[in-house]
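Common to both upcoming complexes is chain A, partnered first by chain B, then by chain C.
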Partner chain A sequence: MSGTQLPFEHKMSAHCETGTLSSQLAFHGMELSEALIFGIGCGIFFGYFNNKRFAFPTFIVRSKPGQIRKNLTKRLGIKFETETFKTPQQAQEKLDALLAKGIPPATQVDFFFMDYLPQYLRVHINVHFINVVGKSEGGDYLISDCYYPKIVELAKESLQKGRFAGGSMAPEGFLFYPTFIPKEFDFEKAVRKGIKKACFNMLKIPIPFLGIKGMRKFANHITEWTKLAIDAEDLSHQVSKINILLEDQGTGGAGFRFMYATFLKQAAEILKQPELVDFSKRMMDNGDKWREISLMAARMGRNRDLSVEKLREVGALIHERANVEERFFKELAKVVK
Partner chain B sequence: MDDTKDLKLQIKEMIVATLNLTDVNPADILDDQPLFSGENVITLDSIDGIELIMAIQREFNVRLDDQNLARNILNTVDTMAEFITSNQAS
Partner chain C sequence: MKEKDLISDYKVQKYILYAEKNDGSYGTVEGGSYIIENDLDDFWHKKNHLEKSLRERLLKNEITPIYYFMVLEEMTVSELASRAGIAKCRVKQHLKPGKFATARVGDLQKYAGAFNVPVANFFQMVLTSNDQNSKYHFYHQEEAAKDRYSIAQTATANAVVILTKVEEKA
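Entry: the complex of A and B
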């Protein structure tokens, strides 16, 4: 069998979902930056989860996977074909059929099976997105993964395992690709709506663990972690995870706050509102402070410095972020009407 | 000493001071060898990486806000110097 590679432009990016969307749109002739996709798609968020569904409390710093794509459809009119599959065979057949038609779809995988990445980076995360852009002569797949510097070959068995990994948020072979891109867009309206929705999500969702309220819940609850952890090793692992959730896993650093700052800078031009440049700078500074929390947690985990007092210090810093972000989004909502 | 050599030494001194590597002579750190994979006189981990990102911002006033790029930029003293030079100039 001879290999085929579609003329897909590979790009590295900070976050897999926005990066994959950006590359998919570019393949179909639409250039939209990762930051704009993140902002219009209203990716910025916060939530703290402490319930029976989770073995240990955890938090999120972005909207749920797939929501950014759905918001792009809503705000820009871009339509995507999406599909999940009951069997790996059906999923592979559909993938091959699309490639044969010249369509390089994006697909959801468990990050762990992307064995072109160094082993130390590979952890089980079921919501990693990659583009499949062709096949090799041996029948393996050519992958454009925004976390890897170039298009790379992945064994078909590894791709299959990744697409059909089990567990929470199992991919079920999910794939998507754009089917309709309007010729004209009202970017101004889309950006404005994205910002307004972000302000609503951070300030006004009436659920006590989401948005700014979620940050405060996290800040108040973190001292309880000493009682919830199985032992010191477990607590060390959980505290270290604060760093991983904020800095790794494709956040672009500081829990997506830097990416949102970049979006606001671009929004200033689109909306012709130069005052948003100042908001962008403030969000960058806010990101720096989240990064300090991240570093503090990482050091605590590494040094097993896990007293209640120390966790209270982390909680106080998170409270500060909640106060700063509450003020920020209230003022942003007033500026972008 | 030209500017680049001077910058590289500054970077090495920053690494040693930031990570409190009391037993390392900055001049011994090799310019072109990876800092994270055991091929240099020091071996750093991901937490050290964040410390260095913040130190670069503090000392050279250059922000490194993309974690994916960070992995490449922090790879060696050479790549850090290149990043600092190009971003200070822009």
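Entry: the complex of A and C
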């Protein structure tokens, strides 16, 4: 069996979902930057989860996986063919059929089974997105993963396990590719809507652990972590994870805040509203402060400096961020009205 | 974040970051991971320590192999139940040393799929000369390099049988 590789331009990017969307659209002839996709799809978010579904309290800094793609469809009219499968066999047949037709689909996988990544990165997260761009001679798949510098081969067994890992947000072999891209776009309307929805998500969702409320809950609850951890090393691991979640899980730095600042700068030009440049700068400064929190968490984790007082200090810094972001999004909502 | 403040000589893990570039525009720059560059040794230390303490408890029959892997993989009972396709109440039973013996081979195969280990590894610990569990996936390359022997496990057509080969390194 001879190998095939579609002429797919591999590009590294900060985040897997937006990066995959950006390169999928590029393959079908539409250039849209990752930051713009993130902004229009209103990816920026915050949520703090402290329930039985998680082994330890955790937080998110982005909207629900898949939401960005749905928002792109809603706001720009780009249509995607999406499909989930009952059996791995069906999923593989469909993937092969698409590749034979010259379409490189994006698929959802469990990060753990991406064998080409180093071991310490491979954790069980069901919401990683990759592009499948061809097949090797041995029947394995060629993957364009935006966290990896080049197109890489992945054993077909690993891809299948990754696509059919169970658990929360199980991929079920999910794949998607664009089928219709309109010739003209109303970017102004889309960007405006994206910003408005982001402001709504951060300020007005009436659930006490989402948006700014989630940030405050996180800030208040972090001192309780000492009671929840099994021992000092476990607590150190969990505190270090604050850094990982903010910086290392494909956020572009500071929990997507830098990416959103970049989007706002582009939005200022699209909406012809120069005042947004100032907002963009404020978001960049806000990101710097988030980065200080994540660096502090990493150092605390390493030095086992994990007293309640120290965690309270982190909580106070997060409270400060909540206040700053609340003011920021309230003012932003008024500007884009 | 400004591009000039970014330390770009991180070697272990490269990331794309967003920052203020030197010309004042905002966009992507190549950066690295602070925590991986500085704290990876501490991460391995914590992971290996956790593995050893769980192993001790497992050998004393205080916990079951399912519990051992579940904690190492940072899964909850419901996450494991969903990944393995076994009812939550059954998984809870399999976490008790007294009840583990009631698990069916079919159940064990499902667990093995969820943890991505061979079924045989629920009943044995393949230790290296560094006293590491070589079949625990966090047995990392640095440790493997120190070992005199390499241990390879290959799957066979029989789902419950695995070939374990120990070879002296050249």
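Rule of thumb we're sticking to: the second predicted complex is superposed on the first by the 337 of 337 C-alpha atoms of A that agree within 3 Å, B and C clash if a C-alpha of one lies under 4 Å from a C-alpha of the other, contacts with A are read in each partner's own complex, and residues count from 1 in each chain.
Operating definition for what follows: contacts are C-beta pairs under 8 Å (C-beta built on N, C-alpha and C of every residue); 3 or more make two chains touch, one makes a residue touch a chain.
These numbers were taken from a predicted model, which means no experiment stands behind them.
Colleague: Chain A superposed: clash or fit between chain B and chain C?
Modeller: Chain B and chain C clash in the superposed model.
Colleague: Scan A:A14 for contacts with chain B and chain C and give back first, second, both or neither.
Modeller: both
Colleague: A:E188 in the overlay: touching chain B, chain C, both, or neither? Say first, second, both or neither.
Modeller: Neither partner.
Colleague: Looking at the overlay, what does A:F113 touch: chain B (first), chain C (second), both, or neither?
Modeller: A:F113 sits against chain C, while chain B stays out of touch.
Colleague: May I ask you to name which of chain B and chain C touches more residues of chain A?
Modeller: Of chain B and chain C, the partner in contact with more residues of chain A is C.
Colleague: Let me test your reading of the model: by the given contact rule, A:H124 touches which partner, first (chain B), second (chain C), both or neither?
Modeller: In the superposed model, A:H124 contacts chain C only, not chain B.
Colleague: Figure out whether A:E81 sits in contact with chain B (first) or chain C (second), or with both, or with neither.
Modeller: neither
Colleague: If you stack the two complexes on chain A, which partner ends up touching A:M284: first (chain B), second (chain C), both, or neither?
Modeller: both
Colleague: Can you pull the chain A residues that chain B and chain C both touch?
Modeller: On chain A, the residues that contact chain B in one structure and chain C in the other are 12-14, 146-147, 149, 243, 247-248, 250, 252-254, 258, 261-262, 284, 287-288, 291, 295, 298, 302.
Colleague: Tell me, which parts of chain B touch chain A in their complex?
Modeller: 46-47, 50-51, 53-54, 57, 63-70, 72
Colleague: Flag every residue of chain C that touches chain A in the complex, lowest number first.
Modeller: Those residues of chain C that touch chain A are 1, 12-20, 25-28, 31, 33-36, 38-40, 42-44, 46, 49-50, 73-76, 78-79, 82-85, 113-114, 116, 137-138, 140-141.
Colleague: In the complex formed with chain B, which residues of chain A make contact?
Modeller: Going by the criterion above, the answer is residues 12-14, 146-147, 149, 243, 247-248, 250-254, 258, 261-262, 284, 287-288, 291-292, 294-295, 298-299, 302.
Colleague: What residues on chain A touch chain C, complex-wise?
Modeller: Touch residues, chain A against chain C: 12-14, 34-35, 52-56, 112-113, 118-124, 146-147, 149, 161, 165-168, 170, 233-234, 236-237, 240, 243-244, 247-248, 250, 252-254, 258-259, 261-262, 265, 280, 284, 287-288, 291, 295, 298, 301-302.
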